[in-house]
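By letter and in written order, the chains are A, B, C and D; residue numbering begins at 1 in each of them.
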Amino acid sequence: MSVPLLAIGPAPIDVAALAATLAEEPAGRSLSDGAIVTFLGTVRNHNLGRAVQYLEYEAYEPLALRAFERIAAEAADRWPSVRLALHHRVGRLEIGEASIAIVTASPHRAEAFGACRYAIERVKQIAPIWKKEHFDGGDVWIEGAVADPDDATAREEAYRRACA
Amino acid sequence: MSVPLLAIGPAPIDVAALAATLAEEPAGRSLSDGAIVTFLGTVRNHNLGRAVQYLEYEAYEPLALRAFERIAAEAADRWPSVRLALHHRVGRLEIGEASIAIVTASPHRAEAFGACRYAIERVKQIAPIWKKEHFDGGDVWIEGAVADPDDATAREEAYRRACA
Amino acid sequence: MRITVRLFARLRDLTGAAELTRDVPAGATVGQVWAQLTGEFPALAAYGPSLSSAVNADYARMDAPVADGDEVAFLPPVSGG
Amino acid sequence: MRITVRLFARLRDLTGAAELTRDVPAGATVGQVWAQLTGEFPALAAYGPSLSSAVNADYARMDAPVADGDEVAFLPPVSGG
């Protein structure tokens, strides 16, 4: 089963399909990979002391896809040996479900780890996606980073967290 | 399907089963996890300029299991919020097959990434496992680190690579 | 000229609209569209300092020009992942 | 006293044996077992500086004592992962 390398939508994330696609494209390339790193972000039952019931993710999808393309390009620029796949889910997500999956493959592990961590940091910085937390007693939009893809300081912080 | 959290043996690694087990044990604990990081080490078709045909892994299995337990304990000591699963395969492995899978789960991503990277570094430092590379024209035992679990410098280096 | 305004997350809740059609003066910038919108929905004004914006699904700065038929989006701080 | 010696990877190839049974003097250390072994298989000697060892499947230093019936393992540099 082949899926796009970068995607956003309401379907549950199929990590195995994502990894399989990355293994197939481009043909034969994965034969030189020795390291595959996967990050899954999942819905926690608690946040900031609140008992979470479920999350609702909303996105500006065409811009989110462009942000993913930008992130993939930034990662390729810093780690040329790495191939990357990224799926983000939107809509209602129950506790334990995956909101995001990032898979990186590379000949060596340092690059795969670095690019995977970098990608999730950048998603949190610049992807136009929002989560509304429904907890016992109410709901609230979570507001994190002011999205600015050209902010060099934010990008540096993402590299720092990626240990790059 | 439930599998041991730490294991070594000739069976192909079932990452999905490994992740599922980690999600189930202890019961309910995974509900507070927001981050799951997986590392897969796979057999590359090239190494040091040689065209690799296949690898043969050999281990001192009971000591390898103890080394995995030690590594899990070291990770738990440094990252108490992280749960960890680790499977290593032995025997003949073809190009593209996984020799090792490490899965870490934690409420937050920094800890899951750190512990996962730490664990693979430590496996390469202290697990009594050897690979024989069969390449076009011959074979060679790969010899990496002198295994010494008490070597504080090696452990520090693993923390450093884990960006901890 | 006529543009489409897209609003997300709490901005959508505050205005009650995910999408609005508005007439703006020829030569207007993204910032002028925002100013017009905060005139109409004063509760939005608090988001001025933490706002991001896009034109036709591409990030754009507040001084970017807007053309007839454009889709202008305003984004509160993001929380994906 | 009688012990079992386990050899791995290239050490196994050099001796042609994964497992040996050997008699060693009472009170012998891991290091003395190794010395006896390199007497028998001189090709092993090169591994002295990069050797690890274990007694009964637990890492042990070269000065660790060995008891009757123990399994003593010698490990070349590792390459798992």
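Here are a few things to note about the model shown:
We take it that a contact is a pair of C-beta atoms (placed from the backbone, for glycine too) under 8 Å apart; a residue touches a chain by one contact, two chains touch by 3 or more.
The shown structure was predicted, so the numbers you read here are calculated from the model rather than taken from an experiment.
When every chain is reduced to the mean of its CA atoms, the largest separation from chain A belongs to D. Annotation: 73 Å between the Cα-based centres of chain C and chain D.
Note: centroid distance chain A to chain C, computed from Cα atoms, is 26 Å. Here the CA centre of chain B is 49 Å from the CA centre of chain C. Residue numbers of chain A whose C-beta contacts span two or more other chains: 41, 120.
Interface note: chains touch in the pairs A-B, A-C, B-D.
By the touch criterion stated above, chain A contacts chain B in their complex at residues 16, 23, 30-46, 95-96, 107, 109-110, 112-113, 116-117, 120, 161-163.
Interface residues of chain C facing chain A in the complex, by the touch rule stated above, are 6, 8-10, 13, 50-52, 54, 57-59, 73, 75-81. Listing the residues of chain A that touch chain C in their complex gives 41, 57-60, 62-64, 66, 88, 99-100, 120, 123-132, 141-150.
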